[in-house]
Structures are given as C-alpha cells and as structure tokens.
Amino acid sequence: MPSLQDLAFLGISAFTLASAAGVAFSRKVLYSAFSLLGTFAGAAGLFVLLSSDFIAVTQVLIYVGGILVLIVFAVMLTNKIGDVKLSNQSVNYKVAVPFAAAIAILLISILTSGMWVQKDEAYTSMIVPIGNALLQDYLLPFEIVSIVLLGALVGAMVIVRREVK
Amino acid sequence: MVSLNSYLVVTAILFALGLYNVMTRKNAVGLLMGVELILNAASINFVAFSHFNGNHVGGNVFSLFLIVLAAAEAAVALAIVVSLYKQFGTINADEADSLKG
Amino acid sequence: MGFAKIAFGLVHLVPLLPLLGAMINGFLTYSGRKVPKGFTAFVACGSLFLAFLISVGTFLYVSGLPEESRELTVTLFPWIDSGSFKADVAFLIDPLSITLMLVVTGVGSLIHLYSVGYMSHDESFSRYFTYLNLFCFAMLTLIMGANVPMMFIGWEGVGLCSYLLIGFWFTDKEKATAGMKAFVVNRIGDFAFIVGFLLLYWTLQSSGAATVTFTEMRDAAPMLAGKTWNGVPVVMLVTLLFFVGATGKSAQIPLYVWLPDAMAGPTPVSALIHAATMVTAGVYMIGRTSFLYSMAPETRMIVSTIGFATAIFSALIAFAQNDIKKVLAYSTVSQLGFMFGAMGTGAYHAGIFHLVTHAFFKACLFLGSGSVIHAMGGEQDIQKMGGLRKYMPVTYKTFLIATLAIAGIFPLAGFFSKDEILWQTFNHYPWLWVVGVVSAAGTAIYMFRMVTLTFFGECRADEHTKHHLHESPASMTIPLVVLAALSIAGGFLGVPDSLGHLIGWEHSNLLEHWLEPVFVMPREHAMASHSTEYGLMAFSLAVAIVGCYAGYVLFSKRKDIPAALVARFPAIHRAMQNKFYVDEIYQFLFVNNLLRLNNFLAKFDLKVVDGIVNLVGFLTKVSAYISGAFDRIFVDGLVNLVGNAARWGGSALRRVQSGQIQTYLYYAVGGVLLVMLYRLL
Amino acid sequence: MKQDLLYFLPELVLIGTILLLIVTDFVAGTRAKAVFPFFAFVGIAGMMGAVAATFYLAPTTFFTGMVSVDDIGRFFKIIFGVSGLLGILLSVKSAEVEKADQASYYTLLTALVLGMMLLGSANHLLMLYLALEMVSVLSYILTGSLRGVRRSSEAALKYVIYGGVASGIMAYGLSLLYGMTGTMAFPEIAAFLKANAVSRPALFVSVLLVFGGIGFKIASFPFHMWCPDVYEGAPTPFTAFLSVGPKAAGFAALIRFFLVGLTTPGQDVLAGTFLAVKPVGLVEMLTVLSIATMTIGNLAALVQNNLKRLLAYSSIAHAGYLLMGFAALSQEALTAVLFYLVVYVIMNVGAFLVVLVVSNQMGVEDMAGYKGLGRRGGRGTYLALVMTVFMFSLTGIPPMAGFIGKFYLFGAVLKAGLYGLAIAGVLNSVVSLYYYVRVVKVMFFDAPDDARDIAIPAVSQSWILAGLAGLTLYLGLFWNGLATVTERSTGLYASAYAPPVAVAAPAAPEAAAPAAAPENK
Amino acid sequence: MFPYLSFMTFFPLVGAVLIALLPKEKTDLVKKVALVATLPPLAAAVKIFMTFDRGSTAMQYVEGPYNWIQAFHIQYYMGIDGLSVSMVLLTALIATISVLASWGIDKQVKGYFSLLLLLVTGMFGVFAALDFFLFYVFWEVMLLPMYFLIGIWGGPRREYAAIKFFLYTLLGSVLMLLVMLAFYFYSDGQTFNLVELAKQGLHQGPFANPHFRILCWLGLFICFAVKVPVVPFHTWLPDAHVEAPTAISVILAAVLLKMGIYGILRINYPILPQETLYFANMLAALGMINIVYGALCAMAQKDFKKLIAYSSVSHMGFCLLGMASFTPEGLNGAVLQMFNHGTITAQLFLLVGVIYDRAHHREIAGFGGLAKSMPQYATWTSFAFFAALGLPGLSGFVSEVLCFMGGFKTFRLYTIVSVSGVVLTAAYMLWTYQRVFLGQVNEKYKGLPEISAREIVTLVPLAIITLLVGIYPKFALDLLNTSMTALSQFVDAKNLAGL
C-alpha cells in the first residue's frame, strides 16, 4: 500500500521528468522555457520531500525567480515574438537519442546497484544546520562565492556593454 | 517507502535528458536549459544523498552552492548570448562556426 | 760468393725496386711534367733489371745452401695482427719463388726493354711504364709473399695492373670494358679464393695451428686430414676453392673468358701479363699449396680434367681465329690448361717447368706478333698478312723458333716440358693423356696455321701498309732474340731423367731436383717403364711434327681442304669463330639477370621498402585528416540528411560544418560513454 | 589567528589588488589605461612575494580542511603567478587587447589567478567545484572580452556552453562520490574508500564524471574539442595565458583529487608509489585517456594551418603527455608532472608570443605568413630562431627543456611498468615532430613571398622572448635546480598528506618521510 | 691534466658562437674562423694519437665523473677507450676537411658554418660521452644542425630528405630514450654511467625477465640500426646523401653512420651481452643482407652520389658481420672498417662533389672520358674507388678481411654469401668508373677545369691514411686491439656463464 509520501514522490517526480522532457523535446524555445519552470518547481518539490525546505525555497527563489527569468528575457531579447519559427530545432537527434538513452540506462543500472552511505532518514528542518555550516565549516566557500558572483556581474556587464567609443 | 534508488533513477533520467538537450539544440538558450537540467539532477542527488545519510549537512550546502553558481554561470552565459545576438543577429549555436577545423 | 750474399741481403728490394720505379714515373705522370722519355725508360727498365740482378744473386746464394735449408723468410714488418690472426709483410725465398722471380724479372726486363721501342710514339709513355712497373711489383709480391694475405696482395695487385693496362687506351670503350671484365671475372675467382682461405684458416685454427704462412701451414697440414665441413673433407673444399680462384686468374674454364678480350691492351702487356707471368699465378699458387693438393686426390683429378678440357676447348677456338693476338691468347689458355693438367697429376715440377718454358716462348711469340703489328701499322688480322718473312727476318726467325717450341719439337723447350706433362698424365689419368695429345696436335696445327698465314705466301696487305713494312728497331729485336734463345735452351732445365740417363747425365731433370724440397708430393704412384716413356715421347714428337706440317700445308698449298671443311660444317665453324658463344651465354645467363636483379632491387628499394614507410606516413596523414575533420565529414553527412544545411544555405555563416558546439558535446558524451563501456563491460 | 591570516597572505594580496583595480576603474575610468596592467602586475608579483615570504610556514590545511597550504600549492601559486605575469606582459602591447575594456580585463585576469590559486589548493569537493567554476566563469568572460570581434564572441559562447555542460557533469559525479562516501574532504574520501567496500562501477562512473570537469579544464579527451576554437577565437595574449595557467590549475586540481582524494600512500613508500585505494581501474582509465588525448591532439595538429590552432592541438597533446604522469601514480610521476608544467609554461608562452608578434607585425596567423621568416634577416631571423627553440622544445629534443620534461615523464611511466603507455608516448613525440618541424621548415626553407622586412617588435617583447628561449635552453642543460625544487615540493606534499582530521592511517607521515630521504642524499 | 676531450668537444661550439656574432658580409672571415675552430681539436687528436696507451683497456683521458644533475644521478663523464679513440680521431679529421670542403658555400654562410661547428660538437660528444644521458643529449644535438644543413643548403628535394632523416632518426632515438630510462631505474644505485652499467649487468626488476631484456636490446638496436643504416631502415640514407651538400655528405657518411655501430658496441654489447649473443645470428644475417643488397642496389643507380650512398650501405654491412662474430678479429675488423669507411667514403663524396661543382649534375650516364680531360681527378677517384673495393694494400682490404675472418668463424654461410660482395663491389665500382671516366670524351666536358689545389688538400690526408692503414694497419689496429679483445673476452665470458 503506497503511503502518501510515496504517492507524492511519484507525482512530483513524474511531473519533474515530464516537464524536463518538455524542455528537451519541445519545438519552440519558449515552450521549453516554460517547461523548465515545471522542472524547477518539481525539483523544489523533491527537495521538500527530502526534508530540505531551505534548499527548496532557494531553488524557487533563485532558479525560478532568477535564472528562469533571465532565460525568458534572453529568449525574448533574441527573438522576435512573432517569429513563427522561434527556433528550437534539433540537430543530431538521430544519434543523440541512443546516446542519451544509453547514458540513462547505464547510470540507472549502476546507481541502483551502488552501495551508498545510508543512515536512518529523519525529517528535521535543515535550516539551522545549514546556517551553522555556512558560517563555520563552509565560511571560505561562502566568501569565495561572493567573489565569483562579483566577477560574474562585472563580466556580464563587460560583455553586454555597448562598444566604447 | 521511497528509497534512495528511486531518487537516483529520477536524477539519472534528468541527467540524460539534459545531455540530450545539449547535444541536439540549435538555440544557444536551449542549450543552456540543458545545462540547467543537468545541474538540477546533480542538485537533487546531493540533497537525496544528504537526506538518506541522516540529513548530513554537506550535501545540502553543496546543492545550495550549486544553485548559486548556476545563477552566476547563467548570467554570464546569457550575457554572451545576448551580446552575440546583438552583434550578429542570431543565437543559433550551430551557426557560430567560423572557428573550426 | 760476395755478390750472392749481398744480393740476398737486398732480396726485399726485388719487389720494392719496381715499386719505386712506379712511384717515380707515376708521380711524373700525375704532375704532368714533361720529362725525356729516356729518363722514364731508364727508371723503369733499370729498376727491374736491378731486381733481376738481385734475383740472380739470390739464386746463386740459395743454390749454394744445403738442400734442406733452402727456405728463407725475410720479414719486413708486422702487417695485420688481430686476435689469432697474424700476418707479416714477409717474403719467402725458396727454390720455387726464386724460379719465378727469375722468370718475372728476367722476362719482365726484356719486355720492358721491348716496350721502350714499341711504345715510343705513345703519348702516355710514362703512364705505361708506371703501370708496368707496378705490375712487376705486384707479381713479385705474389710469388715472394710468405703468407696467404701477402700473396693476396700480389694476386689482387696484378689484377689491378692488368685492369689498368688492358684499359690503357681507355678512350676506346671496348678496351676499357675488356679491362673491367678482366677484373670482375678475376674477382669471382677471388671470391672462392677468400672463402677457401677462411675455411683453411679456421680449420687450422681449430686444430691449434692458427697460421697463415705457407711454411707453417705446410707443417700443420697433416692435421687437416679427416676434418670435414658438412661431410665434405675440408682439404678437398679448400683446394677446390683455391682452384676456382686459380681458374679466374689463370683463365681456365669456366672463367677464361676475360683473357682473349684482354688482348685489347698493348702487345708487350699481353706478352708479360697475359702470357708469361700473371696468368700463371694460378699454377704457381697450386704449387705453393702443394701440401694441400697432395692430400686431395679428388681435387687433383678435377684440376687435371679442367686443365685438359680447357686445353682442347681453347685449341678448338684458336683454329678459327684470325686476329693474331687472339690466336695467341687462346693458345695461352690452352697451354695454361696443360700446366693445370700437370699440377693435377701431382707432378708439380712439370707444371712449373712448362710455366717457365711457356714464359719464354709465349713471350717471344707475343713480342713477335707485336713486332708484326707494329710493322703492319696496327693491323692484327692474319688474313691480311702473309709473306712477312722477307720484310722482317729477325722477327720471322724468332717467331718460328718459338712456334716450334710451343708445338713441342725436339729439342726445343716446349718439347721437354710438354712431354713431361703428358708422361705424368699418362701415368695418372691415361684418358686425359689422349686429350692432351690431341690438344698438342691441335696446337701444332693452329700455330703453324698462324705462322704460315703471317710469314709465308704472298703478302695480302694493301700497298700502303706494304710500303711501310720494316724490321723493328733493336730495342725490340734484342728481346726477341734472347727469348728465342731461351726457347731453345730452356728445355734443358728439365731433361727427363730417362733421357739424361741415356747420355749418362744423372739427375738431368735440374728443375725437378731444384724444386723438390718445396713440394709435398702425393703418395707415390706407380710409373710406367722407361721404355713406355720413350715410346710416348716419340709418339708425341711425331704428332707434333705431323701437326706442324699439316698446319703449314693446309694453309699454304691445300687451302681447299679447310675451306671444304668450313663449307661442310658451317655451323661448327661459326661456333668456333664465335668462341662457342660462351661470352653471349654468360651475358645472357648472368650479366643480364644480374642487371635485372639490380634494377628490380633498386625499384624495390624505392617503391616497396620506402613505400612501406611512406604508406605508414600516408596512413598517419589520412587518419589525421579523419580526426581533424571527423566532425566535418560525419556531421556534414548527418546534417545533410536532416536537410538543415539547405535551409540555411547561401550564407557563409550558415555553412553547416564543424565548429558546432552541439557536435562537440555529442562527441564528448560519446567519449564518456566509450570509456564507461570500455571499463564496465 | 594572526598566523592563520599569514597563511592566507597571497590570496589576500590578490583580493586587495582586485578591489584596488575596481576602485581605480571607478575613480579614474578610461583615462588611466596604463595603470591597470601595472597594478595587476604589481599585485601578482606581490602575491608571489607573499608566497615566498610565507614559505617558512609549515604545511597545513585550512578552514576545516577546505584548502591546504603546502609546498605543492605554493609551487603552483608560483606557476600561476608567472603565467599571470606573462599574460599581462603579453597583453600590454597587444593590438587585440586594446579593443577590450582595460580595467575589467586586468581585474578579471587577476581574479582568474586567484581562482587558479584556490583550485590549486582545494582540498574538498566543494572547494574544487567552486574554484573550478570561478576559473571557468572568468575565462568565459575574458575570452569574449573583445567587443565587436566575431570570433571572440563565438569562442566565448562555445566555451561557456561546453564549460557549463562539463561542470554539470562534474557536479553530478561529485554528488555520486559524496553519496558513496558521505564526506567531501579529500583525505576523508580516501580514508573511507580504503576502509569500506563500495560499488566499483559506481565509483568508476563517478570518478569519470568528475574527470569530465577537470578534463575540460586541461583539455583532455573527450573534453578537448572546445580547445582549438576557443584558442583561436580568444585574444592571443589571453590564449597564451589560457593554455598554461588554467591548464596548470586543472592539473593542480587533478593532483589533489587523484592523489589525495582517491589514493593513499602505497606500501612501497620508498619507491614513492601511491596506491589507488580501490582497483577501480584508475590507471587503465588514465592510460586510455592519456593515449587518446595525445594521439588526437597530435594527429589533428598535423593538418592545421593556423598557428594558434596548431598550438591549441599541441597543447591538447601535451595534456596527454601530462596525463601519463597520473597513470603512473608515483612520486616520480608527480615530480615529472610538476617539472613538465614549468617547462611547458615557458615554451608554450614563448611560442604564443612569437605568434602574437608575427600577427601584430604581419597580420597573419597562418602558416603561409611564416614563409621565409628566418630569411627576412634581422628581427625576422631572431623571431624564427626563438620559435625554432620553442618548437624543438615542444617536440622534446635535447638540449631543450621540453626534452627533460618528457625524459622525466617517460622515466616515471617506465618505472611504473606502463611500457605500452611509454611507447605510445614516444611514438606520439615522433608524430609531433612532423608539425612542429613544419613550422621550422616554413620559416627557414621556404622563400618569403615578399621582401617585407619585419618591423621591430616591442623591445620588451624581444627581451621576454630572449628570456624564455634562454630559459628553455638553460633548463635543458642545467635542470638540477628545478628538479630539486619540484622534488622538494612533492616530497613535502607527501609528508603533509596526513590531514588534521584524524581519519587517515597514522602511519602515513612516517611512511612518507623516507620517500624524500634518498633524493636528498 | 688538460681536458682534451671537453676541449675538442666544445672548442667548435665556441667557434660557432663566434661566427654567429660576426657581421654577415664578412664571409671570408667566417670561413677562416670556422677553419680555425676545427684546428685545435685536430691538434688535440694528434696529441691523443701520440699518447694514447695502447695496452690498456681502461678509459683514458677521463674527465669526471662530475655531478651534473644530481636529481637523476646524471654526470658529466667523458673518456675514450680503444673503441672510441679511432672515432674521435676520425671526427677531428673529418671536421677540418668538411670545413675546407665547404669553402664554396655562398648562401647564408654564417648560418652554415655555425651549424657545421655545432654538428662537430655533437659528434665529438657522442664518441666521448660515457654517461648515457650525456650520450643521448649529444646524439640529439647532432640531429638539429643536420636537419638544417640538409634542409637549407641541400639539393632540389632537400626538404623531403631532411624531414625523412629527422623522422627516422628521431624514431630511433625515442626508443633509445625509453631503454635508457629502464637502464637507469633498474641499475644498482640508479646510474647512467655506461662503464658502471656494463660492470653491473642488469638483473633487477623487469630485467630479470629475458623478454624484457630482449625488448630493450631491440629498442636500442633499432635506434642504432637507423643510423648504420641496416636494411630495411636505410631508405633515408640515399635521399639524405643525394640532397645534402658535399661537406655534409662527407660528415654523414664518414662520421654519422659510424654512430650506429659505435652505439651497438658501446651499449648493446657490454650492457646486454647475453641478448647480443642471442641476436648475433640476426646481426650477421643483416650484415650479409646489407652487403649484398646494398651492392646490388648500388649497381642499378644512375646518380653518382646515390651510388656512393648505397655503397655505404653495403660497406657498413661488413661492420655488422664482423661484430656479430664476437671474435677479436671480427670486432677489430668492424671498428677498423668503421674508420676506413670513414676515410674512404669521405674521399668518394668529396670527389663526387668536385664533379658536381663543375658539371652541375651527377648523372653517371651524362659523363664519359673524364680521365682524358681531368687526369688528376681521375687518378684520385681511381684511388678511392680501388680503396673502396677492397684492394689489398689499401685500408679497406684490411678491415674487410678481418671482418670476414671473424665472421667466418661464427657464421660460415653468411660470410660466404657476404664475400660475394667483393665481386659485386668491384663490378659496380669499376662499371661506374668506366662510365664516368673512360670511353670517348664527352665534348661537353672537355674543358672542365682540373681538380683544384683546395680540393686536393681535402683529399690528401684521407688518401695518406688509406694507404698507411693499408700497408701498416698496426698503426690503427693497435689503438683498438686491446679494447676489442677485452670486449670479445667479456662477451665470451658471459656466453659461458649464460649458456
């Protein structure tokens, strides 16, 4: 008898994968972008199921609120809305399909037979441990990522800035 | 009882879909979406491993960083795409082939 | 004995004096300085004559020694010394080498003298004498060398000089070719000689007697008995190989082909090198290594057989030749055959005896022919001569004497030496005796054919030549006379004991007794009785006389008989005239195939060996193109398949080619997959 | 705490420099163009000085094992510093870089050096990933920094997409590794793998996927294809830098990941070998990748006509050679890799500098433009001569330093018993001769198409070239000093192996100490 | 003690640097400096010849071992024994001669002579180095100048020839590199010292496995075989020779080819004696093939220089045959043959150069009757030809006979076939001589100037040596005899111990 949790997992993962497939196979780039939203949301759902509420929130904030918006902007900026083609055609797919399938099958077979470090799972909020970790053990990465972000900001500006006369 | 393996199957498929995407898309933005799929797969993996390892904090932190870095990368990548488009009017990655050989 | 002793002390100068002469003249030639011909002639003749005097002194000195100590080695300095292999520059002075030294320096001096007249008009006068002196040096080294390598120096040296002298008038391509042919054919013999020497040396070495000197080898030779290589007795192999070497140098079947061509050189050269001395080196070598031949009866039989076969074969060819020098050349080959026949019987002294007498009369004949050619203005065809005895009395007389000598008319030199050979042959290989007698008869006939055509009858030369006919100058006739005298008297060196016995001259065979200590004789062989010997002697003399007469008659009074014979058997005549096509057969069988092989190999080298390497290089390049353009080709095809290329066609940007990031990724994923599969499956 | 900051001094210097550059940009703007390279140069030089000044500090790990500060890290910091300085020197006079925004170009370059330093000292999966991303993102930007130059933007696009995928793959691999061991610090991973059974295929796959990210940085098969396009498209001075700096950083990361994260010191410590903790086929994998990488690089280079592309493929091939050292998994191999990297930096930057000068002077990057360069006399001959030195050094012919590098590498490989790999390596060297020598051939054997005299390149560039060529020759003959340095770096690295977290085998420090001993006799 | 060997090795290098600094226009000065740079080594060579201890098997004029690269125990270690001394002397002589023979170079004179001197440095170094690494470095150092000398100053197909030469040699030397490293790692105390390696023998690690030893032997052998060159690795030689300028051909034939044999004798023989014995049969067979094949190919050549090149292939076969025998005779013969071939072939190439300079082609068929128009030239050529075909009394004979002597003891059949080379050599040499010098004078070449004094000067010392060694070989043999006998005994001892 599947528990509620199981059902939730099944539902969310099916949704995630379906929208991922939408991203991959959709013929229009805008559709892909919207499918991506589903994937991101699905992933956030999975995070919740995995008791990582903080990550789930971050996911929604950054991915949906940041990246996805960026992507949609990019799509808009680089295509005329009315462009029927709104090109998202595929190349290589005759070979890519078997490749991707092979990768999936190999990974699934290897991973499901793998030996992973497992302890009793527990559903506790991760916010506190994450907060502690970020300011103690992971202080350095936390600082560095700020430099990376700074660099990315500067760089993005450099790249899109208009030609200096 | 949802096992770790169920999550692994999901991420494996997600990963493969991401790879498929980057192999086939013509549109540079489309390609970037593939990258995001892959990163999401990795992210879910981290959290899942973390969860099934007694809520080990490392995986969570890693996935947090993954998300942030993905954002940074996406920003730069999209900047490049936009700039290329502004200069040359296309973002079809397969047309960017003046470098080859 | 003062003179003799001093002379012996200077014996190493015997070869070195001519070398010095060659160096002086050679330097003058090279520098192109004009020096009086007299000086050149003086240096050349003088050095050799001095060597002759020293040889005579040495002879006197050695003959004064007791018989058992007539074997002296003069060592100058060590030559090759490596491992067990030690060879000195040393000369062996024993009766055999002294005999040959006397012949070479003596006859050589005469021919040098003759050449002064003969070559007086040649622009390369000094070059000629350089070569000639150099030849004497090499020949003397050959006969005086105390060990095999020393002998080989001379052996090759005479080959070199023969090459140089045959091709003396090198602007004539045929003459140059003849020289090359001589050298290369000789080298084929040398090949066998070297192999034989190597085999001999290592067999001796393995028996504990690593030596190359003749005397030590002789002492160690008994150890060779019973030694085999691949089941064949080593002695037999070695002697056979040496004999092959000898066939090259001494123009025996199958390597005789070079000698007739060698007549391209100046006639005195033919006299000295291709009649008197060099060509007899093979005979000398067998004599020198008699200790081996005496242990190998099978080889001796082969030697005799080849010898007599050559004798009759070349006699047959000589019948049909019209070039005076060619006739003499084939006659030389034939006489050399006799010598080998003698060596094969184990009667080495007989071979050497014939060698000596042959040197006298054949040198005389060649010089005489030279005189004739000189007088005829270069004409060598006997069909165009005739009646010359009126014009050139001295030449005629000496020539006739020498011819009689070669024909074996008693009591001229040839009679004794040839008779000794036939007698020994009769005792050992009676059937070869038959061949020998037939050849002897043939010799008499064709020699008299030549004499008749040349000196008797009407002169067939054109008026212009006839007008110029004259006797040669004294520098040319004096050697002729001396040689003719020697042709008469030379025979008394070896009067058979059976004949000497009749007149109460014990040990009348001087040469045999003189040479006795040198040779190791084979096992005693039962000899037929004296009476048989007398009978045979008489028989061969009769044959010779008949032959001479026949030769005279057939080509003066009854010319119709040979003409009829020719008409009856044209094919045979033609074959004889063309020397039985041996040259052509060799050309066809060996030379052509060799050249074909060469060209094939050169092409093989160029195409295949190099080609393989180039192919590898090419494949590398191809794979480089494939990997460099892997995506281009592969993806191009794929994209064409999809049909996208056409849609975006027209713009350079839209050319769908490599440079596509998707393709790169696809490639990367493929690689990951590949590595995974490689590891996991 | 004060001491702790001292450990971090080089990084701090660079961070200060970056801030200074940003501020200067705000304050001075475009007016003070010349000041940016100067600041960056001084900053990087200061960083190297700081490394030297803190050399006496004992090796340790930092931030709860996130980064380690040890001799091998310092060694790499110096390499990065040198390549950074060379990158700046090359950029200063470059016509191409003039088109870029000066302030941000040098700021990002400095930041890139910082990222490389972090990558070189990362001792933790997260740090590894983070530093790698930092290097990547900054590289993308710098590649695309030439505004209005199509090939630059195009290269950047390819670079970013390829890099994104590679980092995604790597992240996925990292997650598997994390799931397998439950930890992210390298020494702990190794200790765990040594103590516990894991699924071998899963471990292999995870290592392979992680290698995807690092292999992308070092341009190894099968993640090499971006390399020629990006090298060709990027501004040449940056390409020169890219071909040595980030590549060296990739190797630094590889060293830590493989030798600290996946292996423990072997029993045969005296021989200096490492043991791959689990027989996951690490050696086979690296062997295959190494052979494939050098072969593809060399073969593809054979047909190149553009010098930059040729050098790009050549750098792929060199990554293959360097990977041989990892397959050998030994102390010698590590020394060899370090040695080779130094030599590689010198000769590769030298070659790129020649390309740069020629393209500035003659406006060509194609082989045809090099026709008869050595016959033009004067500067042309000079350029051709130094180029010849670099080409032969890259081929690996004595007495150039490149030979010594190969000598070291092949030695280590042979000692490890990988004869097949060694033979593949030398055969590749022979193949590589063909295209390197083709450059030399074109320069000396062919007649120039025109009588143009090559203009005198900037004096500073002449001197840099002379210095690099001189070093190439000098290190080919007298390499004892460098050898000692590299050996000491790895020797101390081995002794610093034991992490402060007390999970590793306690025997390691004692066991590793004698590893260096015989060398110091 | 004065470091003769280092002096000889590096003095030309100093000259090379000096030349590089001279002004471009002063070509005469450049040539003079180059000549002067080769004379002191020549003087040193004479001194070595006078004072070399002929009775000792030890290394002489030893310098070092000084530590060079401690990290790898690499030493600067120079020294010569009976094997190398003849080669060092030959190199000194050929160096001077090649500078003289290059007097006519008029293109990029500076570059030419500095490369030439650099090449000389490499050659000396190879023969004097006793440290394997040092040996390798010098070995490769020769490669670069050679490549340029052929590639820039060569004939029409010079680029092809140069790259071919380079690739072949490099392929060989990378194999040597691998074996060298294997030697190093599995020797006691890890050393590159060749003397020490020979003393030790190698039995550690993989060297305990005979297959590995055999592989190592083969690796070295291929490297050296390319240089010798052994058929089928020889195809670079005709091309390189034909395209190279005269002086470079001379160096190539006289010195570079010797390095192959020298390497086998210096490295394969003492360090891997058992494997050498194992392959002796193959060596001899290859020697035989070289002799016969080279001679046959030579006969078919139409290009004068190519013919000489193939004759080199043939002549180097004698060395292989002799050294494969492991007898003192054979080894002495092989080394002496190296020396003799060096002097004789140098003359041949110089002579070809003489005619090429005048007629600007080398087609054998295009000449004829030159003996009439250039009698002195013809004399020199005939001397060299007869020396090359092994005329007794000239040096070639002595070494050939010794090679045969040695070879016959061990390999009868191969030697017998090889002796046929004597016939073939005579055939192609004389045939060539005839086609070029004899017969009707070709009208075109009637007025060719006679061989010049400078050209004669290059020939005279070589000719004197040819004659001297032919008449009094002790003069050269004494130098090698002790060492070669010791080597053969050493291998024999291994033979008894191992089999």
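When the chains are written out, they are named A, B, C, D and E in that same order, and each has its own residue count from 1.
Criterion: contacts are C-beta pairs under 8 Å (C-beta built on N, C-alpha and C of every residue); 3 or more make two chains touch, one makes a residue touch a chain.
This is a predicted model, so every value here is computed, not measured.
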Common touching chains of chain B and chain A: C, D
Shortest contact path, chain B to chain E, counted in steps: 2
Farthest chain relative to chain B (centres taken as mean CA coordinates): C
Farthest chain (mean CA position) relative to chain D: C
Closest chain to global C-alpha mean, per-chain Cα centroids: E
Contact-richer chain pair [B-D vs D-E]: B-D
Geometric centre distance via CA averages, chain C-chain A, whole Å: 99
Separation of chain C from chain D, taking each centre as the mean of its C-alpha atoms, in whole Å: 76
Cα-centroid distance, chain A relative to chain D, in whole angstrom: 31
Rounded Å distance, chain A centre to chain E centre (Cα mean): 70
Contacts with 2+ other chains: residues of chain D: 126, 130, 133, 137, 140-141, 144, 147-148, 156-158, 161, 165, 169, 176, 179, 182, 201, 205, 229, 303-304
Residues of chain A engaged with two or more neighbouring chains: 89, 91-92, 95-96, 99-100, 103, 106-107, 110-111, 114, 116-117, 138, 141, 145, 148, 152, 155-157, 159
Set of chain B residues in contact with two or more other chains: 4, 15, 18-19, 22-26, 31-32, 34, 43, 48-50, 53, 56, 58, 61, 65, 69, 72-73, 76, 80-81, 83, 88, 93-94, 96-101
Complete list of chain pairs which touch one another: A-B, A-C, A-D, B-C, B-D, C-D, C-E, D-E
Partner chain E, residues of chain C touching it in the complex: 30, 32, 77-85, 89, 149, 152-153, 155-157, 160, 163, 167, 170-173, 176-177, 180, 183-184, 187-188, 190-191, 194-195, 198-199, 201-202, 205, 229, 594-595, 597-599, 601-602, 605, 609-610, 612-613
Residues on chain C engaged by chain B in the complex (per definition of touch): 628-629, 632, 648, 653-663, 665-666, 669
Chain B residues within the chain D interface of the complex: 4, 11, 15, 18-19, 22, 28, 31-32, 34-35, 38-39, 41-43, 45-46, 48-50, 53, 56, 58-59, 61-62, 65-66, 69, 72-73, 76-77, 80-81, 83-84, 87-88, 93, 96-101
Chain C - residues contacting chain D, complex: 620-621, 623-625, 627-629, 631, 659, 661, 663-665, 667-668, 670-672, 674-676, 678-680
In the complex with chain B, residue positions of chain D that touch it: 125-126, 129-130, 133, 136-137, 140-141, 144, 147-148, 150-151, 153-158, 160-161, 163-165, 167-169, 171-172, 174-176, 178-179, 182-184, 228-230, 232-233, 303-304, 306, 309
